[in-house]
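Each in structure tokens, the structures are laid out below.
Okay, so chain A shows up in both of these, paired with chain B first and chain C after.
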Partner chain A sequence: MLTYAIKRVGLAIVILFTVMFAMYALVFLVPGDPASLALGPRATPALKAELIARMGLDRPVPVQVWNFFASALHGNLGYDVWSRRPVAAQILEVFPNTLFLGAMALGWAAALGVALGCLAVVWRGTLIDRLLGILSVSMIAVPPFVIALYALAVFAVWLGWLPAIGAGTPGDPVSQFRAVLLPAFAIGITWVGYLARLVRASMLEVMGANHIRTARAFGLSEARIVGRYALRVAIIPTIAVLAVGFGSILSSAVFVETVFSRPGIGMLIVSAVAKRNYPVVMGTVLFMTAFYLLVVTAADLLIARLDPRVRDAFRG
Partner chain B sequence: MPSAVDTGTAAAPAHRTRGALARLARDGLGLTGAILVAAFILVALLAPWIAPADPLRLDVANKLQGISLAHWAGTDQLGRDTLSRLIWGARMALGISLSATGLAGAIGLVLGMIAGYGPRWLDGLMVLCFDSVSSLPVIMFALAVITVTGPGVATLILVIVTVSIPGYARLIRAQTLTMRNADFIVAERTMGASTARILLRHMLPNVVGPLVIVLSMDVPVVIMLEAGLSYLNLGVRPPQPSWGNMLYDGYTSLRQQPLLVIASGLPLVLATVGFTFLGEGLRDALDPRLRVASR
Partner chain C sequence: MTAPLLDVRGLSLSYGPVRALRGVSIDARAGEIIGIVGESGCGKSTLASALIGLPAPGATVAGEVRIAGEDFLALPEARRREWRGARVAMVFQDPMTSFNPVLTLGDQLVDFQHRSPVPRAEKRARAAAILARVGLPDPDLALRRHIHELSGGMRQRAAIAAALLMRPMLLVADEPTTALDVTMEAQIIHLLRELRAEHQGAIVVITHHLGVIGELCDRVYVMYAGEVVEEGTVDEIYHSPRHPYTRALIDCDPAHIDGPAGRLPTIPGRLPDLTGTLRGCAFQPRCPRAGPRCLALAPPRVAFGPTQAAFCHEAGR
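Let's turn to the complex of A and B:
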């Protein structure tokens, strides 16, 4: 287990470094220098010189790369071109909002998706199973930001039941909960479909296993077999997908936060891209990649702990 | 995960294709998808002839109209005919998604075969690169590139191609690895065939099958990505019509005229659902083994 853990964490660190290097290289690959890129048409020579000095762009490239890596490892992700605020502080300020949104979305999606998957297994081969299958595929196919826009049009603008913008008043859980409902609904719906399908597929595999046959021989009810004995084994692949799913949820958050003007990582990065505020973009991308790698690696380790076959597969 | 390799691909392709098409036609889901996709492609191809009006013609006096005989889907905030813009938007979505997935598939195919057939060190290096790219959340990578290059159709295609290559390359690599020591490849090598000949004439036909299915399943994802980035005003630039930037126009005028958002979302949903259904149907019809393997 320890060998596996070291290998897996080592791989994550190597990938993170590769990504950091690529991020930094990106800025130098394009024509034009980073300073005029960030300042855009407003660049005057004086402004440019000041920015170059402030960001250390006048130093040799290897020194710059070294500084970038060293400060990133110390938690310093650079400074906003315009407001000069530290990027890390801006990220930490809005990240809880995005995390809350992601957790809510994944939470309701996991609950409903696993339930629908179990129902499909209980009624496997029937019309209900078929209809649930079509429903799952449709949920996967519809773009989350279109759902967000339709939900906004119906529930916020037309019916006026829920707030159309923002993340609720800080310190007021009720208003925060009301504000997260529509975005979480929009992001989660894809995952209801994915999880229902995944749980159904892995459950059907498990249903042929010996311990299920034994349970059946003891005369346990089908619902009890599915809910208690099959689900426990079938849930393992779901954990892996949930971890990867977190990455795609963060991606959907970029659109959905924009639709609901909800402060978060998505809003932060989109407005920074529009202003070509590239230290904010690079810092946010780096932060999100590191976070994503952390989640995926943790999930892999958890799965290896639950399922010894995975550890062996990694060796081979 | 490397799956068993189908050596029957080259044996009777015509027969297989006919059987697969018949299976697809019997499958209600796949057939629905095929009809939606066919309609989408027809609309995209015939856009100049079937669009009732010029998608770029302004008519500010008639802005944000509802449904009428003159404007079947209303008009946008500049009085442009929504239906015509949707029809031209289909062309944009189809062009970008097909060219991006096609290009990514071709590059992925080449890189995957090199990684799977080449020396071990090269394989390790390439897999590390693939894993690094695919460990970036797609949107984050897209936003990073757009910051540097600026938005536009070319950037959009570049981003989509870059993030899609690793998945395709890994698939082809896995297929190639399971094939490289197959008897007929070993025989070919013993007879002194060049690496290029082995890869192009013997490896390619045997590894390309699953890629086609995966590509068809990725088209809706790319359509979503194009619309999403255009919605953020980071993809197709206005005034060129794209379903994404039309959704944004609708979003900004949602309180005055909800029709624009609703009308712009509908073709996007139909296209992505159609392609997804078709992809599912194709996968089941062509290669039932993938049904288990991909889940």
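Let's turn to the complex of A and C:
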């Protein structure tokens, strides 16, 4: 298990470094230098020179790369071109909003999706199973931004039940919870359908396996068979998909935070791109990459914990 | 003669139009090992799953499976569940896939004793003792292992150990040696023979391998197309088979061929379509001795002494 864990974490670190290189290369791939792009065509040469010096673009490329890596490793992701505030501080300020949104969205999607998947297995082949199938596929097919706009129109504008914009008052959990409901609904709904289909397929496969027949042949109750013998096996592919889903939900945050005017990582990236604020764009993307790798690696380790075959496959 | 411990009367099983078992009657007394032999698709494994009341979903079952006098199939499902593992246990065909892949062997062997009121530690100790009995070298280590971490022979031993946990009166072994090489096969046969001496109940061994039957069993039922076509002691079946199918089966066993042979012998033709009712004898299209009666009438049971009988129009002639 330890060998496997070391391998997984090592792989995550390698991926992170690759992403950092790619991020930094971006600065040189964009036509024109970042300083003139940020300042616009009418900037004075003095102002430009000052910005170039502040961003460290006047130094040799290897030194720039080294500086980027070294400060990133120390938790310093550079400084905002305009406000001169540290990028890391800005990220940490809004990240809890995005994390809360992502956790809520995936939380309700996972709870409902796994439950619907199990129900479809219990009533397999019946009308309920077919209706659940149609419902799941519809949930997958409708784009989240359509759901977001409709949800906004119905629940916030017409019915006025929930706030249309913002992330709630800081320090007031009730208002924060009310504010997260609509965006979490909008980006979670696709995953309800997707997880329901996945769990159904995975459970059906496991329920037909020989070891389930063995458990029956030893007189174990159906509840124990489904809950211990089948779900323990069927949940494994679902965990891997959930981790990937968390990444995709975080990238959905870019549009959903714009639609609902919610402060968060997505809003931060969108406004930084609009203002050509390179250090913020780079820092935020790097942060999200690191966070995503953390989630995926944690999921891999959890899978290895649950499935001894995975663990052994990676043993020397 | 004592009343049979297992008494199967007129057992039929169909999947929709396919009639996989057609009026099978077998019996086994306490302390006896009976063999069920036949080619693939003759209904052997279907019979095994029907004996523990766990046929594949969608199957319709008729007939009686009496275990110690009670009709197992007529019991409500809750009562049947109580019997499974405790009164009737099964050794499955492929031990690699018949154990849960993510639970340890110990977890499963403890779970399988769920009817037993003793504490968990005692169940674990019993599991270790049984594993030691069936010849696993380090039972405590094996209990902490997952099934993929054990060798083929160890898995098969573990499967037999699992079936013996609750001291069932009826043990059904479905192809217990098919997944093994010949050395392992010999060891498992040896183990089953030893267990038979200790085990008070009956053992039903299902196999396509005539050699296993010869080594292990007291009596044999030969199955063809979902029916029993001949029954008798091992000696009778091997040395004076009466049913043309039994003869053909023995002639095809490579162990019976002396000297160099060109092509291995086969039975010409193939299994009949099991959909709907069969007219006459099921083996008639492939039978070298088939006469006009075999086309029209179901074959009668013809007894040859107290233990041997064949279902054949021509057997008595």
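We take it that the second predicted complex is superposed on the first by the 291 of 316 C-alpha atoms of A that agree within 3 Å, B and C clash if a C-alpha of one lies under 4 Å from a C-alpha of the other, contacts with A are read in each partner's own complex, and residues count from 1 in each chain.
The definition used in the following text is that a residue touches a chain if its C-beta (ideal position, glycine included) is under 8 Å from a C-beta of that chain, and two chains touch if they have at least 3 such contacts.
Note that the structure is predicted; figures quoted are calculated from it, not measured.
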| item | value |
| --- | --- |
| Touching partner for A:Leu306 - first (chain B), second (chain C), both, neither | second |
| First, second, both or neither for A:Val254, with chain B first and chain C second | first |
| First (chain B), second (chain C), both or neither touched by A:Leu220 | second |
| Which superposed partner A:Tyr229 touches (first chain B, second chain C, both, neither) | second |
| Comparing the two partners chain B and chain C, which touches a greater set of residues in chain A | B |
| First, second, both or neither for A:Arg85, with chain B first and chain C second | neither |
| Of chain B, residues touching chain A in the complex | 29, 128-129, 131-132, 135-141, 143-149, 220, 224, 227-228, 231-234, 247, 250-251, 254-255, 258, 261-262, 265, 268-269, 272-273, 275-277, 280, 292, 295 |
| Interface residues, chain A side, partner chain B - complex | 11, 14-15, 18-19, 22-23, 26-27, 29-30, 37, 134, 137-138, 140-143, 145-146, 149-150, 152-153, 157-158, 197-198, 201-202, 247-248, 250-251, 254-255, 258-259, 269-270, 272-274, 276, 278, 281-282, 284-285, 288-289, 292-293, 296 |
| Interface residues, chain A side, partner chain C - complex | 209-211, 213-221, 224, 228-229, 232-233, 236, 306-309, 312 |
| Chain A contact footprint on chain C (complex, rising order) | 49, 52, 54, 81-86, 89-90, 92, 94, 97-103, 111-112, 114-115, 146, 148-149, 162 |
